[in-house]
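Chain nomenclature is as follows: A, B, C, D, E, F, G and H, assigned in order of appearance, with residue numbering initiated at 1 for each chain independently.
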Amino acid sequence: MAKVMMKGNEAMGLAAIKGGCRAFFGYPITPQNEIPEYLARVMPEYGGVFLQAESEVAAINMIYGASGAGVRSMTSSSSPGIALKQEGITYIAGAELPCVIINVMRGGPGLGGIQPSQADYKQVTRGGGNGDYYLLAFAPENLQETVNIVKEAFDLAEIYRNPVMIAVDGLIGQMMEPVDVDMEIPKREIPEKTWATTGTLGKRERNVVNSLYLDPQALENHSLKLKAKYDLMREKEQRYELVNVDHSEIVIVAYGTMARICRSAMEILNEKGINVGLLRPISIYPFPEKAFAELPSTVKGLLTCELSTGQMIDDVKIANNGKLPIGFFGRTGGMLPEPEEIVDAVIKMIGGMKNE
Amino acid sequence: MNSEKINCAGFGGQGVMLIGQLLAYAANEEGFNTLWYPSYGPETRGGTANCSVTISKQPVNSPVISKADSIIIMNKPSLDKFEDKVRPDGKIFINSTLVNKKVNRSDVEVFYIPVNDMAAELGNPKVANLIMLGAYLESTKLFEDEVIIKLLKKSFGENKAHLIPINQQALQAGRIFIRQ
Amino acid sequence: MAKGRIEVAVESCKGCGLCINACPLNLLELDTNTLNSKGYQPMRIHTPDKCIGCTFCALMCPDVVITVERL
Amino acid sequence: MSNVLFKRTEALTSKEFSYCPGCTHGIIHRIVAEVLEELNILDRTIGVSPVGCAVMNYEYFNCDMQQASHGRAPAVATGIKRVLPNNIVFTYQGDGDLASIGTAEIVHAAHRSENITVIFVNNAIYGMTGGQMAPTTLVGQKTTTSPTGRDPRHSGYPIKISEMLATIPGATYIERVSVHNPQNVRKAKQAVKRAFEMQIQGKGFSMVEFVSTCPVNWGKTPQDALNWLVDNMIPYYPLGVYRQPEAGEKNE
Amino acid sequence: MSNVLFKRTEALTSKEFSYCPGCTHGIIHRIVAEVLEELNILDRTIGVSPVGCAVMNYEYFNCDMQQASHGRAPAVATGIKRVLPNNIVFTYQGDGDLASIGTAEIVHAAHRSENITVIFVNNAIYGMTGGQMAPTTLVGQKTTTSPTGRDPRHSGYPIKISEMLATIPGATYIERVSVHNPQNVRKAKQAVKRAFEMQIQGKGFSMVEFVSTCPVNWGKTPQDALNWLVDNMIPYYPLGVYRQPEAGEKNE
Amino acid sequence: MAKVMMKGNEAMGLAAIKGGCRAFFGYPITPQNEIPEYLARVMPEYGGVFLQAESEVAAINMIYGASGAGVRSMTSSSSPGIALKQEGITYIAGAELPCVIINVMRGGPGLGGIQPSQADYKQVTRGGGNGDYYLLAFAPENLQETVNIVKEAFDLAEIYRNPVMIAVDGLIGQMMEPVDVDMEIPKREIPEKTWATTGTLGKRERNVVNSLYLDPQALENHSLKLKAKYDLMREKEQRYELVNVDHSEIVIVAYGTMARICRSAMEILNEKGINVGLLRPISIYPFPEKAFAELPSTVKGLLTCELSTGQMIDDVKIANNGKLPIGFFGRTGGMLPEPEEIVDAVIKMIGGMKNE
Amino acid sequence: MAKGRIEVAVESCKGCGLCINACPLNLLELDTNTLNSKGYQPMRIHTPDKCIGCTFCALMCPDVVITVERL
Amino acid sequence: MNSEKINCAGFGGQGVMLIGQLLAYAANEEGFNTLWYPSYGPETRGGTANCSVTISKQPVNSPVISKADSIIIMNKPSLDKFEDKVRPDGKIFINSTLVNKKVNRSDVEVFYIPVNDMAAELGNPKVANLIMLGAYLESTKLFEDEVIIKLLKKSFGENKAHLIPINQQALQAGRIFIRQ
């Protein structure tokens, strides 16, 4: 199919429907409002449920109910709204329910601002709920990738019985780009939802959706079961793109809109004869540690670039494990750097390394 | 053209977003890569609204436009804000009905187009933005009017089909102004 | 003849017109020849002589840009 | 051959309740379970357990169950019912759960007239956490967080949930009952039955509020607790129907 | 020498409002500010700003202000008032803020009879976020999330907050007003004055609900919006006093 | 003063009062209930405010109000309750208000269980709210240390104008130990609260408590100001204890109750002639990276021990920066290991290292 | 003579006594000589002959451990 | 004594927590380091309640007791649960009124004390726990009754001062039982 121009938020809404989503519960917040607004219009055509909840807290708990009832469901919000969902999210992870959560990130902390940001990296990848759990989390950089990942997310959520978060900065939500929402995604075997509470109809044992284990040994066993799942994700779901890393002295680590800006910076650097690579995490949980192992020995330093004061850099440090020096460039609060700023940061880093 | 980066700015309600969107849609129709991106949020209320469009044969990387090739300025505050953001030898298209100021820079090509007055003449003050678009298209030779009209037809649907001719006239009026 | 006088902070007026409807004597209008720096056509009083200083216009002005004096 | 007059309903599992001796939660469970059985809806029912002493009632009701986060059972029930409109969905919630942390969720389930049934167990205290003050705690009642008795100048007067929800157009059926003696147990069961019938008929939000006991945290024997309930709770929380649909209507 | 009949109150800063042209938020701000000035309490007042179009009114009211998270202004106000009982504390909240996400907080501020004053601006829509449906959106009203008009079968009937809160014993003073013409503006100011007087006298929770407009998201001119309000909002949300203390009492 | 026996939760309540706390807002949750219950009894004697809020969300927002009004205030909760407070916490951090938050941790995720746990490490140290912010976070191991830290926390919160979180596992909340609540804490200069909203009284410019910055440049500036504060914390507030690290081959990294269990394990190991050290973080944000620099070169490996499936280990990796091999031992869900289990883990780790 | 017969699942009884108060004929008591494995003194009927099978005891039993039969 | 680790277990309501607390308080009074720690939470409802006490001349490290020196067992389920948790040569104190089972192990010293019966004899069934405490103290020679009575006086206050003698008798009864 030909690519059509769509706004990021609307494309995510449509992608969800194409991914089988038939229940959306959300609450208004800028800059993601076009997701619910789009689904309010379109979901009824697909026989699905659109409901505006009374709050983010209610919305995520409606997701718990609907997912528990076996229906592919999604909520979306933006930074402070995601903070409010944390208890609901840890419940969903604890009860091993699939669902998709979109975070169209804006500046923080607190009410912050409404301009694009990546300052929720830790909120997304470390969880803000209690207990030993993780979300499968993706941070695409353009609308085609976003749409594909939203669609896949519903499969992955069911395969792992775990919430999947898609974290995009506000710019990706607000921008328009050509996109093909019908692009094929990998076919996966989806396990039957034998656990869903749909009424026994006298045909099976009753199902219980639950995260409570009063016996500590039972809770430990449950946690270890979850951990095995996260370990499997780590093994199977690391996604990343390596661009031009061969023969590069410096590799930029960046995702989402920041990665795009870095690509433009790389072009400028290339013109200046400076060969710079890009390691672009697509999954941010699991963090693509494997990508770091693939870096050639020509690489002498990593420059982490984020739309935050430095959050992913912790994961870079862990993946790098002391091997290479790590630099940082960040803008935050909704400020988007011009590619030239990154050019400068790279040149400065090279200079610093030379002086050492 | 290899790539064109445009900023459009004005009051909320002047239709600057539409100018940008039409450019982006047209670019997609014509097989270019493109990215449209609005400033958004409450500051659009009363203040200025603006959007950026990148059109390119290559994949679009940075959505952020450091230096635009062209800027379209529909009101005075926008001129103050964007005057510096156009590259040397770039173009500035100014709604001279509302902007009674001249551009300070001498390294750019400036077009003063009284689009509000012209729209009033055409009998529909709302098409000022299409006049501006026509002027821009004429100057940059980016797309033909047909592409734009096709897009408008699609977006207007049957309910608003009667508005097509006046929009067509508006585009033309903009082109004619530039040609003269 | 006028009992009241109004003053409008023209640059802050948003041309909403609520004052116009509120004036019991219909003395107010939007100044279609002006555009303030915010891009609005501000309110003006077309027949200041008739103003009775009832303050209705001021009571309804959401931007609190009208001052009313007794003459 | 002898005839069974009363036996444990099969809508309850065989698992023993974890409630303290004499706690009326147990009676209420039985009532709800019997109604599910008698209306023949058990196999298409999905119950939602609260956070509170009844947290583990997913082990007691013999149907599909979801355990909800504290106060959010109405939201969870909404999620279930919206995607499975032909199933029967109920929540079971305490007063801490429903009248305190979950206020927004219950109000808006009623407001949207979610076609669910809510069993609200008001024992004027936080039972599970060891007896803290609830919004429903009576004036003068001593709890671990109102050690000198609830003082209305500090904490206001107890909130009356049935009365409050009855002002909401979408609240189709609301009744307050008690289980302090066999007569009232029977009445209470009628109320629960009517509430579920509303749901079966698609009439929207229904709720039955039980004034209930917490012998342990009230510091009373089970029977004294019932007596205290009659003498103190019922006068402040009068029993009765607070809202019901007018003939033929869905709601207001 | 001439005599000033009306001038901008000094209880407003000189900062221009960011509201859309003709939005009644501005009138309500002025009313509140004038009351603070006239009661001579401005210098001991702490206001609490909501999340909503009025989020930045901490820049408009000429007194100490706190900006609260969405819906939680009554909790923030509770925190302030409890530690500074001799100060005057008010919240200013929209209908998304107060009637939706902040339901629990407003109900429990009323329940505890917090001695604060709440200015509730009900414009039947989420203004700031671009016109989504609110719990107060009228039946049939089109919004970005009810594109075919609010359907009571899907979303219930609009919630009436003043009526609901009036059932709470601790709600000392509750009145609903409108500012669609100068006469009602004057009445509304009286209501706000009475509400703050309640607080000054230590009588507990007071709230004034304004039915208000959102010309931009209603898709109407400012005056048409006021007319629509008179024709549609007021009939569903009748103006008047919903609760006031009986002579001499604090509350029920 | 002689030490008195107090239950951990009650000791924290009294310590708060001694630290100047005059406002407590909370909501019941096990295993921290004795904190509010104690303060309900005792706070009125000190003329302070005790109020049970309608929820954790309301409680943290009451704290915002009371702290903003200049009064030392505290809330406490346990794991899922802290998850609900995340939005409120990021607001408090964004508005730069001081306050103290106690998290008496229980097993998760979701409703989990109520037995002691350290599985909120990431919830505590990474925040679960949006935006670039951190809490100052401490994790003491016994009641005396807990009491001292609670008292200091009120000073530190005001010095940094930042929330301070004290994270103890449920065991510390529930146990009784001898404690002296009047032990001296360091005297610090406390800045005047010129920012508090107390009514202008006509004497000063009006004050505004706020976290909203619609202008992205303003928000970035604000975030950088916050970052400078966190950098200062990193420099000044790292706290840790090094036990017996000299001549040790293995150093255990553990905090809280787990550290105590490890101490017992060290005794057993010592009897077996195996010399093991302990690096005990007391501050968990900032993480005591300095302690790792102090380790002697005899140390050949680190064993991270946690009451979780492994959360602090990420900070250990970052601090270690690839230098030493890192092992892990964890129990979770409320399970507490016996010292012998740690002994085994240490011996196994030594064996593994020998075989390499 | 008895019209009804009750059966008590003694091991599950918690000795709360609610049934005792509910019995209109006062036939029930706690068995002070027994302690079930849960540590409770379970209920027993001291005069089974008089039971009328009214089911009141069962209606009030919070642990649903009473079965009532018509004889 | 260098260090003593005790587990006390029984039904909720049998006062096992108090036994442990009195030991811990007494230890503090007598200048030992000590740590008391309850099992807590809803499972105490109806089920068994238990607590652990460590008393030591050294600082107390692990609060977790792997192998207790002594365990005090007030009901049958607790014996099943804790029988294995005492060290070889440790002591088990059993409420033989409610526990009609014998200990399987032969490497421990077991005391069967019918504390409920003895309490009934004393005329107050509630002091069974104090009889048990007396027995324990007599066997381990840890503290004198005076320390315990002083603590009880403090905690009872004036309202309950009349209960001191019966508690004193209970402690004594426990001691006498062991001595015999």
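FYI, contacts are C-beta pairs under 8 Å (C-beta built on N, C-alpha and C of every residue); 3 or more make two chains touch, one makes a residue touch a chain.
Keep in mind that what you see is a predicted model, and the values were worked out from it rather than measured.
Trainee: Chains touching subunit C and subunit H alike, please list them.
Mentor: Touches both subunit C and subunit H: nothing.
Trainee: Where each step is a move between two chains that touch, what is the least number of such steps from subunit D to subunit E?
Mentor: The fewest touching-chain steps linking subunit D to subunit E number 1.
Trainee: Go through B-C and D-F and name the pair with more C-beta contacts between its chains.
Mentor: D-F
Trainee: Suppose each chain is reduced to the average of its Cα coordinates; what separation in Å results between subunit G and subunit H?
Mentor: Measuring from centre to centre gives 35 Å for this pair.
Trainee: When the centre of a chain is set as the mean of its C-alpha atoms, what distance in Å lies between subunit D and subunit G?
Mentor: So the centre of subunit D lies 26 Å away from the centre of subunit G.
Trainee: For subunit A versus subunit H, what separation do you get between their C-alpha means, in angstrom?
Mentor: Averaging C-alpha atoms per chain gives centres 55 Å apart.
Trainee: Just the number, please: Cα centre separation of subunit B and subunit H in whole Å.
Mentor: Roughly 86 Å, centre to centre.
Trainee: Where in subunit D do residues touch two or more of the other chains?
Mentor: Each of 19-21, 55, 67, 69, 100-101, 103-104, 107-108, 111-112, 128, 135, 154-155 in subunit D touches at least two other chains.
Trainee: Which positions in subunit F are in touch with at least two other chains?
Mentor: Where subunit F meets two or more other chains at a single residue, that happens at 30, 51, 54-55, 57, 80, 87, 91, 95, 110-111, 114-115, 210-212, 214.
Trainee: In subunit B, which residues are in touch with two or more of the other chains?
Mentor: Within subunit B, the residues that touch at least two other chains are 41-42, 46.
Trainee: With touch defined as at the start, can you tell me which subunit H residues reach subunit G in the complex?
Mentor: Result: residues 11, 46, 75-77, 98 of subunit H touch subunit G.
Trainee: Name, in rising order, each residue of subunit F that touches subunit E in their complex.
Mentor: Contacts found on subunit F: 22-23, 25, 49, 51, 53-55, 57-59, 61-71, 73, 87-88, 91, 95, 197-202, 206-212, 214.
Trainee: Okay, in this complex, where on subunit F does subunit D touch?
Mentor: Touching subunit D: residues 27-30, 33, 36-37, 40-41, 50-52, 54-56, 80, 110-111 of subunit F.
Trainee: For the complex, which residues does subunit F have touching subunit A?
Mentor: 57, 79-80, 82-84, 86-87, 90-95, 105-115, 117, 119-120, 122-123, 126-133, 210-224, 226-227, 308-311, 314, 317-318, 320-323, 331-335
Trainee: So in the complex, the part of subunit H that touches subunit F is made up of which residues?
Mentor: Residues of subunit H touching subunit F: 21, 24-25, 28, 33-38, 40-42, 60-64, 66.
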